[in-house]
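One structure is given below, represented as structure tokens, and several questions about it will come after.
A, B, C, D and E label the chains in the order they appear, each numbered from 1.
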Amino acid sequence: ADVTVFAAASLKNALDTAVSAYKAKTGKDVAVSYAASSALAKQIEAGAPADIFFSADLDWMDYLAKKDLIDGASRVTLLGNTLVLVAPKDSTASLEIKPGFPLAEALGADGKLAMGAVASVPAGKYGKAALEKLGVWAAVEPHVAQADNVRGALAFVAKGEAPFGIVYGTDAHAEKAVKIVATFPEDTHPPIVYPVALTKTGTSADAKAFLDYLLSSDAKSAFEVQGFTLLGSKG
Amino acid sequence: MTLDVDVQKRLGAFEVAMRFQTGGGITALFGPSGSGKTTLVNLIAGLLRPDKGRIALGSRVLVDTNTGVFLRPAERRIGYVFQEGRLFPHLSVRSNLMFGRWLTPGARRWGDFDAIVDLLAIRPLLARRPRDLSGGEKQRVAIGRALLSSPECLLMDEPLAALDPARKAEILPFVERLRDEMRLPIVYVSHSVEEVARLADTVVRIEGGRVLASGPVGEVFATIDAEGGFEAGGVLTARLVTEAGADGLARLEHPAGALLVPHVGRPAGSLVRLSIRSRDVTIAVGEPGRLSVRNRLTARITAIAELAPPDVAIRLDVGGEPLVARITRDAVRELGLEPGQMVTALVKAVALDERRG
Amino acid sequence: MTLDVDVQKRLGAFEVAMRFQTGGGITALFGPSGSGKTTLVNLIAGLLRPDKGRIALGSRVLVDTNTGVFLRPAERRIGYVFQEGRLFPHLSVRSNLMFGRWLTPGARRWGDFDAIVDLLAIRPLLARRPRDLSGGEKQRVAIGRALLSSPECLLMDEPLAALDPARKAEILPFVERLRDEMRLPIVYVSHSVEEVARLADTVVRIEGGRVLASGPVGEVFATIDAEGGFEAGGVLTARLVTEAGADGLARLEHPAGALLVPHVGRPAGSLVRLSIRSRDVTIAVGEPGRLSVRNRLTARITAIAELAPPDVAIRLDVGGEPLVARITRDAVRELGLEPGQMVTALVKAVALDERRG
Amino acid sequence: MEQLFTPEEWTAIDLSLKVATVATLASLPVGIAMAMLLARGRFPGRSLLAGIVSLPLVLPPVVTGYLLLLAFGRKGPIGAFLDQTFGLVFAFRWTGAALASAIMGFPLMVRAIGLSIEAIDRRLEDAAATLGAGRIVVFLSVTLPLAIPGILAGAVLAFARSLGEFGATITFVSNIPGETQTIPSAIYALIQSPDGETGALRLTLVSIVIAIGAMLLAEWLAARFRAGERT
Amino acid sequence: MEQLFTPEEWTAIDLSLKVATVATLASLPVGIAMAMLLARGRFPGRSLLAGIVSLPLVLPPVVTGYLLLLAFGRKGPIGAFLDQTFGLVFAFRWTGAALASAIMGFPLMVRAIGLSIEAIDRRLEDAAATLGAGRIVVFLSVTLPLAIPGILAGAVLAFARSLGEFGATITFVSNIPGETQTIPSAIYALIQSPDGETGALRLTLVSIVIAIGAMLLAEWLAARFRAGERT
């Protein structure tokens, strides 16, 4: 491939669309390796042939930046996402997210709140932060079922195993078996952002060209269709 | 208990088609290596299914392909001493021996553990595993294991082949006692003419998967011998007159003369069967000199058959029973023997194995 | 080639401590079940290591715990016919037979594949797997396999136990030819007195892990018999006068008288050894009369030993060689036999197995 | 020792041991029966069944976990049935972790046991039958003891697999500390955070120690068994 | 057929087959040697070695992958050495995926082969020795053929494991289409995307078909071998 991108798995749909559009336009071949941001970061640290790193959170981008493995000048926080509370499609639950809202009560004695792992998976970390900020974490914590990624959490809700889940807005949009009960206000959690950057080895013109394409308006629709918000600002 | 066999079975290119009937007691299967003896025994045990045919033990039909009856081995209550031991490697000798016993309801058990262990001289081995036994020791344990399962019929495939003469001499009378006291029908495979002549009531001669001859041991052996290669002479039935005294010899009466035999262990008056090997018979014309040979039977020559030189089989009528002597052609010529002639058949006393009738 | 054994070995509670030497030819190991025969053979083959001691075959030291020499089995060039076959289950009979042959450098090979296959009558089995062979067939293949590895010494652990008399009669002369023509030292384990008497040059009597006696077959057997339980009589050495003619009898000359024996197959003038079983010897005092017995030897009674009643062992000096006759005590009394007396020993011609010296 | 691990880690260790042990012991009878069926049975579809048994090995663990969720979840057909009939719930419970572990280790167990069963000399079973042993007795007294090497090996493989199993478990029953967070789940969570490596390393060592302990136990049992065969 | 899968999926299928085949075949000799060593060797540290061989089973695959990355990565000590000495690179190549697969399947392979080796009647090896076979010939002509059931079972287990292996592979060599994206990695990526389920299902079925094919092949070989033993 002309360009190799290491991208967080949650970006797959959007990025695949962008890549095929790019390929159609330029004839260049872009290979994307989708995995957990953590795994990708460590691989880049170990010398992976990645030209571009597209992370699902700031932590892992910072991790590489600290090790001087990315080209800081090229770093862009490209996408934003929302955090939502979802329920199975046939659920009649309605909750309004506000400080002290009765999530634990809504879960009942036996119901689980499906989330990404709160210590490691970005969506889990954001969710935990939000619930803490809203003052319900302590009550909810015993009910939390942590999945190893957002898709796992979504599946628990989609299959009706868990009455509620916290996932990204993009995931909730695409999954027809769940409905969004409410969206977490942006100020309840750190910004959900997807930074992208060239790696220190990604110095080819092709890599730069593809990154530029991602930042261009041509790529915009591919991301927006999936429910991402385009931030596009450097930093 | 009669054993009724009429079976067909194909194993690879080898075809078995055997039919015979025995009247209980000990049936010897006798035939060259690869003739189908083990195959037949496996059919009786139920380890092989006949392609066609029927096997019945007394009134119990073990298998009948016509009616679809097939008793599984475990249901047949037939003890089997395998040609190759087949001891359970994970069990001690004691557990091997007790295996069948544990599975036998108390009411059907017979035989005494200690007596059998001592007879087979395997007491020192009880705590061992089969792996640490010698060839003969394994075979003895296998015999014990089959006996202690209290079978109603016993199949023994060359059970004594790996044993020394002294041990054989101890076990053979025990096998006879099983037949006589337990009335246990026994199918006995052996290559030893002596064993067969001594033990068998019925002999089934097998070759190439077929039955060449079957019938009482005397008859079958007399024919075998005439054909050469074997050494069976015949079986005589005599009446016990006095049991062995200090000299160790029992006196018997036979139409053709008196006979001396080692201890018989039966009441006076009993009919006793004696097997005689053809090469142990010497023929005398006229009065023999002073010989150490004890038994002198009046005999008439019924036929003279040439065997491979230098041997000749002299068929004799000994008080109405057939007996074969195997001597050299040279002797026939020198003594001028011919059919119809009256002679004396000399049989060394010690060459007589006593058999119970 | 001499075999020199002086070993100690402990197996569980069983202790072997054996020491003997043989002068080549066929050495028979003879002893009851569990006496240590197989253990000894395994020590010679190198499958067991002695705890202490030395084994040498001619000038080759196979193992010596003092000097730390231990030839691995593959280096010993010793063929082993196991008591339990041990055929390779994954190979055809043909490949089993060829296994050792493939591994033998061309220059060291002897024996003809086809000849051995025919002798053992296993040609129809060549394409089969061991699993589909009968007990005797397996044993024959095992014999062939060991022979075809062109060994310089042969260990045979009860090789013929599973075979019928006719087959045995074919294989025994072949074993003799191996000794005579190939000059192959052979260690032969057998429970059959007849086999041992016929084959052995040296007999090693083993019991409880020790050597009770070892030496030439005549000497050892004469002792054994005096103790009872066995039937070996003795071994006589005679000179061949004329080979067998149409009557199938060869004439031999022995200091104690003329002897008639079936075909010998050796040039006139050769010395021939004949083994005689004690129960085949009849004793006559004075003129024996007109008997079918061919061989009459002048003998002097050297001793009379009581065996278990009714038997008595009469030790004879036959032209300077020992021979034992087994007769009844009754006969001793009636004939008035006593040491020093001159008698005639009658031996049926057909009872003589010819042995090469 | 107490200070070596956080309480949460202790809980994970404890739970992993429980899950692995229960998964192994509970699947053993089924594994033996299945190995017997596959090694001895001659029925149409035998190869298919063998294939199905091996599926958890072939599928990515996450897929297996997802299928388990579909089938054994509270709303899944089997899960709902078991819940209503026996009150047996797997979803989000340690029992679900054990089920996932058992299923992931099952193909390993069945293969190992099957190998041992196929190596048994069936003439010994015939011999037992002539001694009056019916099929069940033959199985219990001859086949089973002679298959012990395979049974032990199968149990060790399943136990070890269970200690390392992660994808199917977390997908099926998620990662609830104290309920379904086994050692691998804990390790995974640690690995995903930039500074979790030392914690992951400590827990990894615990896994190794437990697994080696289990292996030594199995070897000791096998040696005892072999010694039994010999002396 | 062509339309059944996207070109990327075809690549993944192709790669998975290559990776599983190479991993299985390349690790077979090592697996046999290791099984022989563990089954027959009597040396101090034997149990420890057995434990180490089993590690990939015990550790969460992600950990194994991570350790591989540390050791065999371009900057890892072994990786750097192999690269400089033999020009052999595992990192982020399909060879790395094969290495990860081989390592994950290794404990399964070794156990299965070991079981078969332990079941061999050593008296047959003795018999071969008396026929003049030295140790190597005994091994090649007796031990190895008699261990065939275990070798086949071990190969099938390793092959199947390779088809399902995901955690170690994706962690070690990432998920690069055409180079390191095997079927399970592709399935993982598909599962991550909202409408990837049907794609995942299709690939899952491919895995199953390949695995069942491999199993049938192994059974056919085993049957041929057994038939050989019989006729």
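By definition in this document, contacts are C-beta pairs under 8 Å (C-beta built on N, C-alpha and C of every residue); 3 or more make two chains touch, one makes a residue touch a chain.
Model, not experiment: these values are computed from the prediction.
Common partners of chain B and chain D, by the touch rule above, are absent.
Taking each chain's centre as the mean of its C-alpha atoms, the one that lies farthest from the centre of chain D is C.
Between chain C and chain D, the centres computed from C-alpha atoms are 60 Å apart.
Taking each chain's centre as the average of its CA atoms, chain D and chain E sit 20 Å apart. As a whole-number value, the distance joining the C-alpha centres of chain A and chain E reads 34 Å. In whole angstrom, the spacing between the mean C-alpha positions of chain A and chain C is 90. Residues of chain C found to touch two or more other chains are 12, 128, 132.
Shared interface positions of chain D, defined as residues touching 2 or more other chains, are 66, 166-167, 188, 191, 231. Across the assembly, chain A contributes no residue that touches 2 or more other chains. Working note: touching chain pairs come out as A-D, A-E, B-C, B-D, C-E, D-E. Every residue of chain E that touches chain D in the complex is listed here, in rising order: 47-48, 50-51, 54-63, 66, 107-108, 111-112, 114-116, 118-119, 149-150, 153, 156-157, 160-161, 163-167, 183-184, 187-188, 191, 200, 204, 207-208, 210-212, 215-216, 219.
Chain E contributes residues 62, 65-66, 69-70, 73-76, 91-92, 170-171, 174-181, 185, 188-196 to its touches with chain A in the complex.
Residues 1, 4, 6, 9-10, 12-13, 16, 31-35, 39-40, 42-43, 46-50, 149, 151, 170-171, 173-175 of chain A are the ones that touch chain E when the two sit in their complex. Put simply, chain C touches chain E in their complex at residues 45-47, 72-74, 76-80, 82, 86, 88-90, 99-100, 103-104, 128-129, 131-132, 145-146, 149.
Within the complex, the chain D residues that touch chain B are 123-124, 126-135, 137-138, 141-142, 145-146, 148, 225, 228-231.
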